[in-house]
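Here's the structure we're looking at; comments come further down.
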Amino acid sequence: MDIGFLAQHLFNGLMLGVIYAMIALGFSLFFGVLDVIKFSHGDVVTLGAFAALGAIAFVGSVVPLPGLALVLGLLAAIAASMAAGMVIGGTLVLPLRNAPPVNVLLITLMAGTILREAIRLGVPNGGNPKPFPALLPDRRIEIGSFSVGIDSVTILLAGLAVVVATHHLVTRTRLGLAIRAVAQDPEVACLSGIDFRRTVLGTFALGSALAAVAGCMLGLYYREINFSMGLVLGVIGFAAAVVGGLGSLLGPILGGFLFAGVQTLVTITVPSASAYKDVAAFAVVIALIGLFPTGLISERASERV
Amino acid sequence: MRRSLTNALIAGAALIVAALSPAEAKDTVKIAFIGPLTGGNAAAGVGGRNSSMLAVQLRNADPKAKFAYELVPFDDECKPNIGVQVATKAAADRAIVAGVTHYCSAVGIATVDTYARFKLPVVVWGAILPDITYGNDYKQIHRVNGTMINEGKLAAQFLTARGFKTFAVVHDTTDYGKGQNKYFSEYLKPAGGEIVATFPVSPDQQDFTAELTRIKELKPDMIFVGGLTPLGVRVRSQMERLGVDARMAGVSGIMTAGFLEGAGAAAEGTISFHNGAPLSKYADGQAFADAYARAGFREDPDAYGPFAYSAANLIMDAVEKVGPDRAKITAELNATKGRPSLIGEINFDDHRQNIVTANVYVAQGGKWVFWPDSEYAAGKRTIAGR
Amino acid sequence: MTAPLLACSGLTMRFGGLVALDGLDIAVERGTTIGLVGPNGSGKTTFFNVLTGLYRPSAGAAALADEDIFAKSPQAIGRAGVARTFQHCRLMLDQSVFDNIALGALRHRHLGLAAQFFRRRRLREEIDALVDQVRQLANRFNPAIATALFEPAGSFTMIDRRRIEICRALIANPRLLLLDEPSAGMTPEETRRLMDDLLEFRRESPDLAVILVEHEMDVIRRVSNRCIVLNFGRKIFEGSFEALIEDRDVQTAYLGSGH
Amino acid sequence: MPGNGLPKRAAAVAIPALAFAGLAWLLGAEREWEIVTILVGFLAVLVVLDRTQPGRAVAAACRAERSVANATAVIATLVVLWTFREEHFALLMVATVALSATACVGLNIQMAFGGIANFAAAAFFTLGAYTAAVLTGHTALPHLLVLAAGGAVTSVLGLVLLLPVLRTRGHYVALVTIAFGLLLRNLLEVNDTFGGPQGMKIPAFAPFGFDFGTITSIAGIEVSFYLPYALAAAALFGMAFLAARCLELSWIGIAIDAVRTDPIAASTFGLSPARWKATAFLIGNAMIGVAGALYGMMNGFVNPNGAGFGESLTLISIVVLGGLGNLWGTVAASAVVLALPEKLQPIQEYRLLIFAAVVIAILRFRPGGLLPRPLRVLGSRDGVEA
């Protein structure tokens, strides 16, 4: 294979991996503080994308400034997703903290359904895919058969930066310290003066903000968003987080890239079997969980007796 | 002259009869409508329902009609098992004499046994899987719209004739996409075209960059998409993103307003093939459009609305002639030949499949334009190359 | 004298850098009660967890009636006749008292699938018999438990829960019984009654060996034949209770750790 | 609490009879006020049984007089089926509800007893139907054995998941099953061995040579051919119910509950968590598979659509809404969840939204489900006393 195409495939895989990793990080953060899976996370991504779309359309109708539109769109996305994440976290997940895991899974799945249906019914012609405006400069870099838009590179770099920033936030800041303390042992954290509820909601806000950014990246990159994209993304993000190791920081990032890698690899090597790429990816997930029951990077010690 | 006079006389007499006899004197005949009224295909389903509703309303307003008609709509959710449930419900209701049924092929094929078993004559208005009519010999199953065989054949012949020789196919793995791929590939070889790669994909797949990079490497003249609007939109937008130097053609599933809106400017020049002609090409097309507008429906009739309208009329014509009896209606529908309708003459073949020809459309300036009327056909715009 | 029921030699358990058990040699003969004492964190509970197979020791060996314990899974050790209570009560709080206690008896029951479906009458008789047995046992500890066998375990007080846990261990009819601070949280009077029950039970099954972790020296004196003291995972004393209270090392260990 | 036997028995007859009458009315109901009345009535009865002193006494009486209540339920089922004997649609719904409830009994054994969140229930259900399709199509195996094989194959394929399921807990198990469901659906759709997206046709159920597809009368009385299916489905549910109860009220029941609640304590008392979780998982899967096989034969086809995540979610919702571990709750929830969407045609656009909201409300404010699982009461003497 031509080196240019190899580079192109690598780029595609990286892009996909970053998006998966950002979503998986959210799953891992929520699991860290509360030991729950918030399945509505994928739909929070969709919500972010649609909020951005709305804000961009509004700004576009007032002033023709793509840069401003982008910034305001991003802010709107983050605000909407954070609000949704905190409402779901505060009213549905926190009260069910001591319920069986299935209940939390189911209630957040249903919350996701509500978000999804609300978008479908609330947005005019919400059932159809919506074009996402190209707000970044769309010149291309062409090196041989490798061709990539400047906007794609920007999006990829921004995604990587956000992932790194999240890591920094969790490992270096006060909020991060509180998150890690609560994740380690909620009771001890509370004794040392950390507000449990606020920390948990803060984590939900942080994870949802990541989802919002992922949503905007998806829109900018694929130039198309639709109401049901969150479901598949949610499943993939969840899978990436679990395979990588729930509760850890590096695990979900690793899991995201792994998942993207398997998908891309199947498509390149056997094109006629590209429909099997999800089959392959999920088979790998099942096998990995069988081999590493607590994920590739496990943060949890064995259960206390 | 003579004829119109007779018509006028009959109409006058009918009016008098109608005025004299109380309205309830007409027996009410129920007709089922089944289609996807919720979910991802709701736009097509609701358009079909509205159109057949319009046919019923117009007939009820016609004083010559011997019966009063009532359309009973059912939602099959585009799910086969739900489809069988509602088909059973409709078929088991003895007041329902016939049905205008199904947009989704998976549902259409799942329910044929039910209709045959209950001997309910139905006219399919949208599902295009060939097997629905050709896969069985049930007298009850009729279809006014064409099958994907027509579309695939036309696509292969039309595109090769325009000089496109190498194709990459991206199709979804539902029976719709798989069928489209099958018939397109089947007719492409004799027409002199070649398929360089085929990518079956899941209908809800988001990312096609891996497939499209492969395609870019293979440099086909054209990408043929066998799938519905979301797939078409994604492939088209991501072709743009990766700088894939090819054109795109798609089956009727992408010939929607949703595709044009979703793909935005990138949609320009996309070719599609569809069993129906534009409303303006039909003799009564304008009248239908006007009546539809007057009836005040909120949603568009969508691409298959005229078929649903014609199917409903076909059934009501049969009822008028032989009365509300399922067996007689079945026999009457079976014998349909050369029947004028909104969508042109309806001729059922020995599998009760209407013989239709497909048409070519092209996305031009944010609209789907009938190919012969387009600037592309006139040579003002060109689809080849970027 | 025959070989001891339980023989541990060089038992060592490390968690990362922490040495929780350090070369323990302990032998327990049939029919004896060992009082196991030591400050918090001295490795008593870890010792129990190792004996019941929940932890794999880093080094050392242990044999129950000449059979290697560490070759077995926790459930096989349980089936071989080791029963225990937990320092932090481990009951199924949503389930009935009977279900909780019956868990202990399951190792003596036939658990084939077909038997549960096709021999209902025999099953019913077995269940009735166990209900009677559980009721008698519970009655010895607290009649209030015996009359409410089909109430959720969570509706009982902490002391009763502990009693239920002891019943669960006793009904298993073990060869070796490990009791982890059974009197924690009880009043002296309640502790006394609990120990009376225990002693009575001991008299009925003379071969039963018991290891009792306890902080109450009165309890140790009353029920144990021999005492073992652990500190930082090491055995620092073994001998009679009278010798124990005279021992220097033990006193420093306790005073040093603030007890 | 009613002291002597007679009022208790009367209560044990009245409550199930009332419940069945309500469900039958729901099935036959067409008008909205009827549906609303039934649902409100249902909730009201529930509140009375749960929150008032006499209500609780009545509920306790039902539990105490288990055999009377169950006998009433059997008779009530037969009465309902006989009343609807000519109503194809109502019988189809009864059979669908009964088969879903059967599958949900299996799911209950997995989730409520074994603590394994199986999000691939619909995939396993569909597997049962595929087994039936293959075996009836290619072998002359008697149909009763085909049903058994449906369960066996589903169970055996479940073994694939056993290792990851046993080595993990909670969320990890949920993910493994979600992944398996998606994988299976995808595989069936993409691969054409089992008919691809169109799926396979399945002949009608014909045990001992009684072809259910051709039955039109029983003892000279005209009946719907769905009547034998509804009877068979009800019988299947009865058997699953009985098996689940036997399991729950046995040593194994205690063992499985213990392994779920506290695997560590259970293992120190000699129970192997792996063995008992596997037992629960495989028995549950077998029930799901058998129900799926009969469902496939009744519908006459099976396709990958039924294996979707959404369908699995519906089954799980039924189990959780009915009350984890409460088998009667499962029946009530299946009836409501499956029959209601069809009754809510007027608000069809908002159905999914409302469904989601209702599930959320129940999980949030009544986490045990509509009818929470009662405490196990073992021993013949205590059964009467409690």
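Just so it is clear, A, B, C and D label the chains in written order, and each chain counts residues from 1 on its own.
Going forward, a residue touches a chain if its C-beta (ideal position, glycine included) is under 8 Å from a C-beta of that chain, and two chains touch if they have at least 3 such contacts.
Computed from a prediction, not measured in an experiment: that's the story for all the values here.
Interface comparison, B-D versus A-B: the pair with the greater number of contacting C-beta pairs is A-B. Among the remaining chains, C is positioned farthest from chain A, on the basis of C-alpha centroids. Centroids built from CA atoms put chain C at 48 Å from chain A. Centre-to-centre separation of chain A and chain B, using mean CA positions: 39 Å. Annotation: 75 Å between the Cα-based centres of chain B and chain C.
Shared contact sites, meaning residues of chain B that touch two or more other chains, fall at 42, 173, 200, 202. Residue positions of chain D touching 2 or more other chains: 186, 190, 264, 349, 352. Taken residue by residue, chain C touches two or more other chains at 54, 86, whereas all remaining positions touch fewer.
Those residues of chain B that touch chain D in the complex are listed here as 37-38, 42, 73-75, 79-81, 84-86, 88-89, 91-93, 106, 109-110, 113-114, 117-118, 129, 131, 173-175, 178, 200, 202.
Partner chain C is touched in their complex by these residues of chain D: 243, 246-247, 250-255, 257-258, 261-262, 264-273, 279, 375-382, 386. Chain D meets chain A in the complex at residues 111, 115, 117, 160-161, 163-164, 167-168, 170-172, 174-176, 178-180, 182-183, 186-187, 190, 264, 309, 313, 316-317, 320, 324, 349-350, 352-353, 355-357, 359-360, 363-364, 367. Against chain B, in their complex, chain D makes its touches with residues 87-89, 92-93, 96, 186, 189-190, 196-199, 213, 224, 226, 299-301, 303, 305-306, 342, 345, 348-349, 351-352. Looking at the complex, you find that chain B touches chain A at residues 40, 42-43, 173, 197-202, 204-207, 209-211, 213-214, 216-217, 229-230, 233-234, 237-238, 240-243, 256-258, 261-264, 266.
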